[in-house]
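These notes concern the structure reproduced below.
A, B, C, D and E label the chains in the order they appear, each numbered from 1.
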């Protein structure tokens, strides 16, 4: 075996090993833990970049391992997996920094960081899975690794949320299990690079394939928070801010969305999906989710809950783009996977900063907070504008491509959905921005955490600003060679190459 | 088949069925036990009718004799020991009341449905089973094979050959089962070791004289049976059982048997048969033969040796069953009694 | 008709009946003591079948293999019975419980 | 050849013997893997007169499982029985009894003779009951008696079947019987009786009535042995009879019936487990459910016979069922041991008492969680591989009606596992004083849990071993041929 | 039929008659002592007669001796059993009065 074969495994292990080691460290060995965490995060990022470079030069990275009979574990790198892997390794690094400061002095940090690393392992594994079985293994692994994070605080609300989370995700996992086995029986091991294995079956088994598609979507839709399977997401908000940030930006919800991408493009293939008439249904569900999520977000006073519903809504842009036939729409979906992650993590960092520094949790308490915490609110504003879709921030790019794709595919109603949603986005984000900057503060701030120079601890501030700048940058430089947009374009064009 | 024979066999079988029915349905445990013992004796007759004197011996001695003693000894416990519930204490019949045995078949009325179900399914099973049995082919069996190899086995009696040579492994395990049951009984009793007490009412002079006289005779008989096993019905089991019953008789007459032996000897006695088998088996393996394989030339002597060890162990274990169970209750029962009296005096 | 019946068949059928009867008894009898007796009869029935099968050849010698197995079986069954009795006695002494139903 | 000597000595010797036994099992398995099936005629007498010992892939897999679980449980037991709390009753008899039990289990996996199998299952049964009542506590005594009577009835039914078989083919050796067997009602009845007797011992619904009380009232290492190994033994025997002896005469209806019992067990056992408040009872009920999964194997391999011996799902069903047995053995042992640690430390086995377990007994919680993951069948774990194979076989063979059972069972299992773990993260308001628990106990539980997960990573070796003299050779070859 | 055979038949029949009488006695007599009386007579004499009858069929002196030994042992055991039951009944009688004893 050459190094190229081992690299995918090493990428996955680069967070798993630190995670496991952390469990064996003592609670008070803060330095060792921090070093280990940052080392793992940096290493992973570097490795992913190395692999990206290699892929561009035409190298192949594949790791195979036979579990037994016909179960095969396979990690394989393609552009789509790289897109997701780069996103998660960057955001993991940032979030780790943030979490170290955020949780300073709280109990059970050993447990937290251990599971945190394992959680990222799972999402990298999902990204690199070479076949549907491996995908499923990591998908379930992710469920297990995130549960301790959701209930980390151990309060009654947290336990309640944990329970809801588990019932939803295990239920989804079970449904997905059926789907995966069924798929396996129909079409073999389902390597993601052998698209079209199912195409030959279309004539004979089209009924089965249709049902199977909805079984798979049903399983994945739980994590992707498609209505009506989204119930767990707003409740899971009780987790600490870094967890919510990671959960919403990369780990859990993206796993679902990523899975939908894989199923539509790599398992069924876009042609087969279209032929069976599956895409319209998916598009409808996604649209309903977008509108519903936004409406619900409007009604929330709790900042994190509002953000959560916003996630429900924004996530379905990916599904919507997937279901839009045509290169442009697919590009929109792919690029939104990245853009939404970066923007949403910024918003959660900011919400965390507000809560941690001033103890603010409600939208109605934010009057004038821009004066007390200008940098935080600046980052928040950038991300919020991005979400609404104002140029030149990242969100604009993805919405633009989505809309364009819908028109190309001849589905103007999707554009209407996008516009409505953007208006609703504006309706729930703009009041916050307005209140923060232009209203008078209601009274004195009760400061929980002081910093000497800045508005709050730099370790909390830096990640938020960094991701805000990033979301601005990937919007501004979308046309350059190294942007996510360019990557998305390559992926999508590959999918449609043979059409 | 002569009609007389059929009549005799039919009568025996009918008797078996009736006795079994009675044993299961008798209203008193005591009656159940008696019917069961009678069933065992009739069964021994049946074995003889079926040309299986070895089994008849084993059944009469172990199946009925030993188990009968144990059953009746247990009845003593079930009848005498009162519930530990202190409130019920005063309503208990006075000690010495032997005939009031707890009824065994008092059945709550709510159990009619399961009863019908069980009866119906057992009836169905009976039909299937009888049909299956009738369908079995006539003839067959391994008689011929056993006879053919008899010369190589070192003994002249086929049953002994099967027990100790052809299927010696089973016999080894079976000696193991005895040992295991002893351990199990220790567990059930919650105490390891024997505590024989003197009987509260010593038996008459006549009885102890008889038993004293019988004991050596029984040991002699045991040795004879052991030797006989080589060529005729008899062998380790039967002989072991006689040894065991000698011990039981002594015990019943109030002698302390096991308590007089050092604990190590007790353990050795229990382990002897199992161990000797194992040593021979291992030795055979070491000399390049199969486990438990006897060298043909000396098979007879070796088998006799193994049999002797097995017989001693069997006898000893069987006796130990009884000795343990029989002595088990007495010290504590007396203790309880003493405590109660103490308690009564205080208020 | 009657002359066609062999000794072993009479006993074999009896064995089958005994087996079913005692199986029913095992379920229906309440008291531990009777349940134990039922298991013993159950065993006896099986042994009876074995031995009657050994007698099929109508020879002077019965098949020695079933006989040896039955002797082994009797010892095993008696061991198990003694163990069961010991357990039942202990339960009775400790809790005054003599069936599975009554909870003292 | 390994002959396993029960030694009547205390812990250190016991442990040494345990290690030797486990090593012997592994060595034998190795030899079988390399050289193929081994047969040893005891006493130098060939079948039909003598008794043979016989080791093929199937027996070796179970031998090794017993060896691994047995060794770890022995280590655990050594600490457990030196605790002052666990000295009541006849606990010093644990070692001889356990080693006899182990020897008998091994003897059973190796035996090739129907009557000898009867003797070994009787030894297993008696030793298991004796271990159950070791503590001498009244609930254990009652449960033990119930277990004993059920076991005797079961083995007598089995023996009745053996008698009928001897009556029709005049042989007791498995291979000889298998060759000379023909149809006929007596064989069907014999087969039914044997299977029914063994079902009682395996505690398949609705014959599981004795299991929960017996397994939950025994002491922790004993519960682990009973749940992980003893019920597997009779399952092994059913499997052996089904595929090796009655190969030609099993019917679809019989397979479906057994599968239906298994399915009912899965649902009922898991549901009952969900309802229990006491942890040990919950784990015991869970055993009933998990055993049910193993029985789903029978309809799948039976229908295949009608469809030809090279049906592709055969190998899936076969390995799935056996993998379930292995994974459950490891996971359940881990679970009982972990619960044992917990009960010792906290002094209660109420489900609600697991509050803040993570903070107080992290290693034990982890063991519990790993075992739970395998029981649910979440990847990556042995349980996952098992359920994957079974589910796949149900789809391929067209018997899709078993699939919902598998899934609902998993879902219920997830329910009760997380009911325990849910509390584990809740911080305590009042710090509870924990009794110190020997480290070795926590570590062995964790090792078993980890093993249950790890066998999910590498099924290949196990499957290779299983291939030695396996049934369904045609299917294997067809599979391999197709693969190439 | 040899004279020995005839003797055997006569003695065995006589023995059987004693057994029958003893059994009838056991069933019909009112209290424990008279039942014991019936039983022991039947046992000792009936068995004795049958043994004598069988001695005529014995193949060797040793065989005959063994048969007689059986009788002797049965005699000893029977008398002892009878003695034990009687003693037990006597001890209990003052309190309880006559009652059923089933063996």
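Keep in mind that, in the parts below, a contact is a pair of C-beta atoms (placed from the backbone, for glycine too) under 8 Å apart; a residue touches a chain by one contact, two chains touch by 3 or more.
Bear in mind the structure is a predicted one, so any value in this text is a computation, not a measurement.
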Chains touching both subunit C and subunit E: B
Most widely separated chain from subunit D, with each centre as the mean of CA atoms: E
Furthest chain, CA centroid comparison against subunit C: A
Winner on C-beta contact pairs when B-E is weighed against A-D: A-D
Centrality ranking, top chain (CA atoms only): D
Subunit A and subunit C: spacing of chain centres that average the CA atoms, whole Å: 69
Whole-Å gap between the CA centroids of subunit D and subunit E: 57
Geometric centre distance via CA averages, subunit D-subunit C, whole Å: 28
Distance from subunit D to subunit B - Cα centre to Cα centre, in angstrom: 32
Touching two or more other chains - residue numbers and ranges from subunit C: 19, 23, 49, 53, 65-66, 69, 72, 76-77, 79-80, 83, 87-88, 90, 94-95
Contacts with 2+ other chains: residues of subunit A: none
Subunit E, residues touching no fewer than two other chains: none
Chain pairs in mutual contact under the definition given at the outset: A-D, B-C, B-D, B-E, C-D
Interface residues, subunit E side, partner subunit B - complex: 73, 76-77, 80, 83-84, 87, 92, 95, 99-100, 102-103
Residues of subunit D defined as touching subunit A within the complex: 315-316, 319, 356, 358-359, 362, 373, 376, 378-380, 384-385, 387-389, 391-392, 395-396, 403, 407, 410-411, 414, 418, 422-423, 425-427, 456-460, 462-463, 479
Subunit B residues touching subunit E - in the complex, by the definition given at the top: 30-31, 34, 96, 98-99, 203-204, 206-207, 210, 213-214
In the complex, subunit D residues that touch subunit C: 49, 115, 118-119, 122, 125-126, 129-130, 133, 136, 138, 141-142, 144-146, 148-149, 152-153, 156-157, 159-160, 163-164, 166-167
Subunit A to subunit D touching residues, read off their complex: 23, 66-69, 71, 107-108, 111, 136-137, 140-141, 143-144, 148, 151-152, 154, 156, 158-159, 162-163, 166, 170-171, 173-174, 177-178, 181-182, 184-185
